[in-house]
Amino acid sequence: MEPEAQGSGTSLIKTVLWLVVLILIVGGLIIYGKKGGEEKEASKEPIKVGVMLPLTGDGAPYGEPARNVYLLATEEINTAGGVSGQPLELIIEDSKCNGKDATSAAQKLINIDKVQIILGGFCSSESIAATPVAAAAKVALFSPGSSSPDLTGISPYFFRNYPSDASQGKVLAEAAVAKGWKKVAFLQEQTDYALGVFKAFSARFTELGGTIIKEEVPSNTIDFRSVLSKLKTANADAFFLDPQTLPVAERVFKQMQDLKWKPVLMFNDVVGGAPETLATYKDLMEGALTAEFTADPNNPKFTKLLAEYKTKYGVDLLYASSYGPTEYDAVYLIKTGIEAVGNNGEKFAVWSRTVKDWEGASGKTTIGADGDRIGGHTLKIVKDGKAEVMK
Amino acid sequence: MEYLTHLAVLVGIYSILALSLNLVLGYAGIISVTHAAFFGLGAYTSAILTTVYDLNFFLAALCGVLVAAIISLFVGTVLSKFRGDFVALGSVGFNVIVWSVFLNVQELTRGPLGIPGIGRPNLEFGIWNYEFSSNVSFLVLSVIFVALVYFLCQFIEKSSFGRALKAIREDEEALQVFGYRTLHYKLAVFVIGAGLASIAGALFASYITFIDPSTFTINESIFLLSVVILGGLASNRGALIGALALVLLPEFLRFVGFPSDIAAQMRQVVYGVMLIVLMLYRPQGLVGEYKL
Amino acid sequence: MTSTILQTKHLFKHFDGVKAVDHLSVSFEKGKITSIIGPNGSGKSTLINLLTGLVPLDAGEVIIAHSLHFTRVKSHEVAGFGLTRTFQDVRLFEQLSVLDNILVVLTERGVFASLFETHGTLHLAQAEEVLKKMGLWEKRHSLAINLSYGQRKLLEIARVLAMTRSARTGRAADIIFFDEPFAGLFPEMRKVVVSVMKELRAEGRTQILVEHNMELIRELSDEVVVLDAGELLAQGVPNEVLAKREVIEAYLGE
Amino acid sequence: MDIVPQLIANSLIAGSIYAILTLGFNLTYSTAKFIDIGFGVETAIGGYSVFYLCKTLGLPLYFGIFLGLFCSGLVSFLAYRFIYKPLRARKASGTVLLIASLGVLTALQALVAILFTSQFQTLSGLIQANRVFELLGGTFTAVQLSIFCTVLILSVLLAFLLKGTLFGKAITAISDDEEVAKIVGINTERVMGEVFFISGMIGGLAGILIGFDTGIEPIMGLSWLLAAVVAAIVGGIGNLYGGLVGAYLLAFAENFGIWKISGEWKMAIAFGLLIIFLVWRPRGLFPR
């Protein structure tokens, strides 16, 4: 005998509540219906491309600048006449750098907005989770930023113009051995990109007889002083810094200066391609080894991107070295692809495998059969605050 | 329609989480901010067992329940020693420790790379083999699970055990004088809650086909807390309503015309303000009975 | 003194220096109403809290029915030995209904047993009988928190009555502590409580009453124990003890 | 081992930031008797207001810092006035207040992210030379030294405030027993409002110093708050000076834990310490 403890108050709340839930569902259906209907109007109607980006949570620092680059590129394309006459329209969804929200964003873009191409999965976790959803709906998933080795050959509908971490790690390992280094201290941020670089580097380096003293730090670490002091006492031949983002790298360099520790340095392309960081910590960086894959500074498209970004947003392009150019190229690649095979996911995915030496802000782009971007990293050495190609 | 079935599956998974947390928080009054850890234990155990050892989904989910139950027994015993707000703090501690294990024990969980390619559940009877690959079939499976969990929670609520839990919530010391070993009750409900949460974890892992530590942080536990509080404490219907509202809210906001850059952050503002307004004007949530 | 059912030996309890109960040895007769009186802060409530395990003993021993010796009383074991109590500052299960407040005391105590038991007709009958006796049956669906102060006091007594019926603890309660049950009650409610206590005495149950109202003490108690600053001042038949000079002094001397 | 002096220096620096935060946290806990999670967001508010005033608007540094402290104090006072006060008037439980303060943290944190994007910012550009000192093998910068001194100044100031002034006596009275304080005629609501204002300022000060030393981001609030809570419990929750000891103990445990175990388990070590203390000494080292 369930004692009905409260009087009429709860039944009023209950009716109001069921009303709210009803509206939610009906609202969803109406919007779903309205969006579906737009398809049949005249050809001047915009081509819709889905975008998945982490706009909140830990991934937000990458998502916001990426969105700015996408909007900048779209604006440029539309002022220059759009995609074979039709304007390009981006529908941006927040995928929060995790699997659950990535699948929700993908489902919404595919089923409500009926897009054929999704520009995104920025974090690898987003791309891995969204790929089966896109593949099932024959929609092409094109990521300018996911670098996890797990994505290599994951599905014919997935491809990326950001290189897998494997190539970078190998090049640097061979360079270290060439320098005769036997012991390397390694500081790795606990993210998929940084772990990928470490795995490639340590596989090759240990294969060639080297040993590694490794320390890992979670992404939200602010105080690196003790970890750095610990690596300092390892007195290895070189110190490899493997961060996910630039702010982490800058915090480490600042604290290395505080600790008066000036080892021989190596770092991944997140730092290697950041000219202003190389300049500010010039003396610390002298002779540091890095591998560069994008942005050789005198690439005309790259310099144009930097200038336009500064004028439009009044701020320097963040991650100018790594993600900026690949995001910019991605929008143009989509334009070229649609003009070649039309706004169809399946055809676009097949077309993507034929891209060869396509000139972009991030240099020559070639996509391999496994959906990865071919083209390794070029070894570079930092001379007087600038990264130059190692002879 | 795919989109709505997708949302329905998510609502189902979060309903199981909300129902199980409601048992612990709503009925027994234990402020557990570590529910996402058991959600994660279920997900990781079943993901590892299905991908590495190729175990059938239902068997792997059962193992997940066992793992979560054993660990929750230990966690529950430690938490029962704390009083008042320290229970919430202690549980935050456990959630951080379990998350660190997911992130650092890379031989087992592949750390930040997470576990991709988790298979969908399949049922085999002799020669007949059915795989829940399509979203709709998965929705049917999750609705069955939600129904089972809902009736288990109703069964508990109606039983003398449920009434004893509510009495513990009200005045544990007084209840002891009348002959109840309240520690056993709190452990029992904590283990049941953890077991059910791990079932949701197994479902989540095989539905999204990829898991990584970032889904099982304290923020997720705090989100689950607000689901149960919004829905209404000590009411199973409230837990369902809370899950429905807070899973659909972000999706609904996708359609509302917030400019895209602040849309995402606005959602966080809405959550924060909702928690404040609830505490000020309706601490027992939408349809709950128990006022915190 | 064969009929002693409950005895304490050199019970000692201090709260950071202040001696609440000072080497108290007292015994309570079976089937009798023994009143404990004494000025405020003389250790009356502390004694009850010690005997029901709410507050840990510092030293001394509690003996039940000559056989069970305790130097540490655990509150969840108390009911198993037939002890139950009301609380001075009414402690009900506030957001549970009046009926649930009674049923929780009647139903199974073990986790598994209680899981598979939804209260049967027997429990409802017992609950109805007890609530009707205390005049709370019409209020059975309202939450304890919504009752008036007097009704809340009556509900506490109803709960104790239910313990005398409930054998789920392995032993129906036959030693009942009343901690100022009459405080704040209207006269007709007092009559109800007095009649209940007399009924319980008729059933042979032992009752220990902490009370200030001398008129009620004279009417109800077979024996009186006088405490002062945690020590036993006097024990015996009411009018004999209350006439003693030092007892009056202890009361008026404050 | 030449690493030990450096570890000690690191622990003292980290311990000092924890100490400031724990002082602020304990101030509100000892009077209002609930765990104010909203206190965490004060660090971001303090840091970002100085960032906005000095870096974007280019106001002079000291003026910016003063305004920054005032802003974080004001936010904390408003949160008390419009959220915690009505709840306390209704005798709401500690849990209700805890969850309401969690709402304050989540909402304000997102507002800061809307105004300043989620990018990581640093204030170190605002000060000229950040000379590095070396003492017995441990190196630390001028900013870090100033953090250490701030703790000393702050503790002395608070000690004087609590012991020396009428306002301080009112605070001690409230933290002993609010009901008695009311009877004695202290306007507890007004004093409580001022306590929240001061605690907000302390939180803002910590945020500014963190901004100079390492940097600030909108979501920094929760992790710094949890560190302060662990330190407060280790030291004896509610006890201002116990909190100081707790803060340094936590910092030493974390930094030496990194040395002995490894960096990835830093958060697990901190919370392991919390649980050990909650089990064996819930009232902490110096119970109130």
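Labels for the chains are A, B, C and D, by order of writing; each one numbers its residues from 1.
Here, a residue touches a chain if its C-beta (ideal position, glycine included) is under 8 Å from a C-beta of that chain, and two chains touch if they have at least 3 such contacts.
By chain, UniProt protein names: A = Leucine-binding protein domain-containing protein; C = ABC transporter domain-containing protein.
If you're wondering where the values come from, they're calculated on a predicted model, not measured in any experiment.
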Per mean C-alpha coordinates, the chain lying farthest from chain D is C
When you average C-alpha coordinates per chain, which one falls nearest the overall C-alpha average? Tell me, please.
B
Weigh A-B against B-C on C-beta contact pairs and write down the one with more.
A-B
Distance from the mean Cα position of chain B to that of chain A, given in whole angstrom:
31
Can you give the whole-Å distance between the Cα centres of chain C and chain D?
48
Could you grab the centroid distance between chain B and chain C? Build each centroid from C-alpha atoms only and quote it in angstrom.
43
Per the C-alpha centroid definition, the whole-Å distance linking chain A and chain D comes out as 35
Where in chain B do residues touch at least two different other chains?
103-104, 158, 265, 267-268, 289
Show the residues in chain D shared as contacts by 2 or more other chains, in ascending order.
113, 264, 267
If I count partner chains per residue in chain A, which residues reach a count of at least 2?
5, 56, 58, 60, 64, 190, 216, 218
Can you list the chain A residues touching chain D in their complex?
56, 58, 60-61, 64, 190, 215-218, 220-223, 225-227, 229-230, 232-233, 245, 247, 250-251, 254-255, 257-260, 318
Considering only the defined contacts, which chain A positions touch chain B in the complex?
2, 5-6, 10, 13-14, 17, 20-21, 24, 27-28, 31-32, 55-58, 60, 64, 67, 92-94, 96-101, 103-104, 107-108, 110-112, 124-125, 128-129, 132, 137, 148, 150, 154, 190-192, 194-196, 216, 218
Where on chain D is chain B touching in the complex?
34-35, 83, 86-87, 92-100, 102-111, 113-114, 222, 226, 229, 233, 264-265, 267-268, 270-272, 274-275, 278-279, 282
Chain D contact footprint on chain B (complex, rising order)
31, 78, 81-86, 88-90, 92-94, 96-97, 100-101, 103-104, 218, 222, 225-226, 229, 262, 265-269, 271-276, 279-280, 283, 292
In the complex, go through chain C and note every residue touching chain B.
52-54, 75-76, 78-80, 84-85, 87, 91-96, 100, 103-105, 107-109, 111, 114-119, 159, 163, 168-169
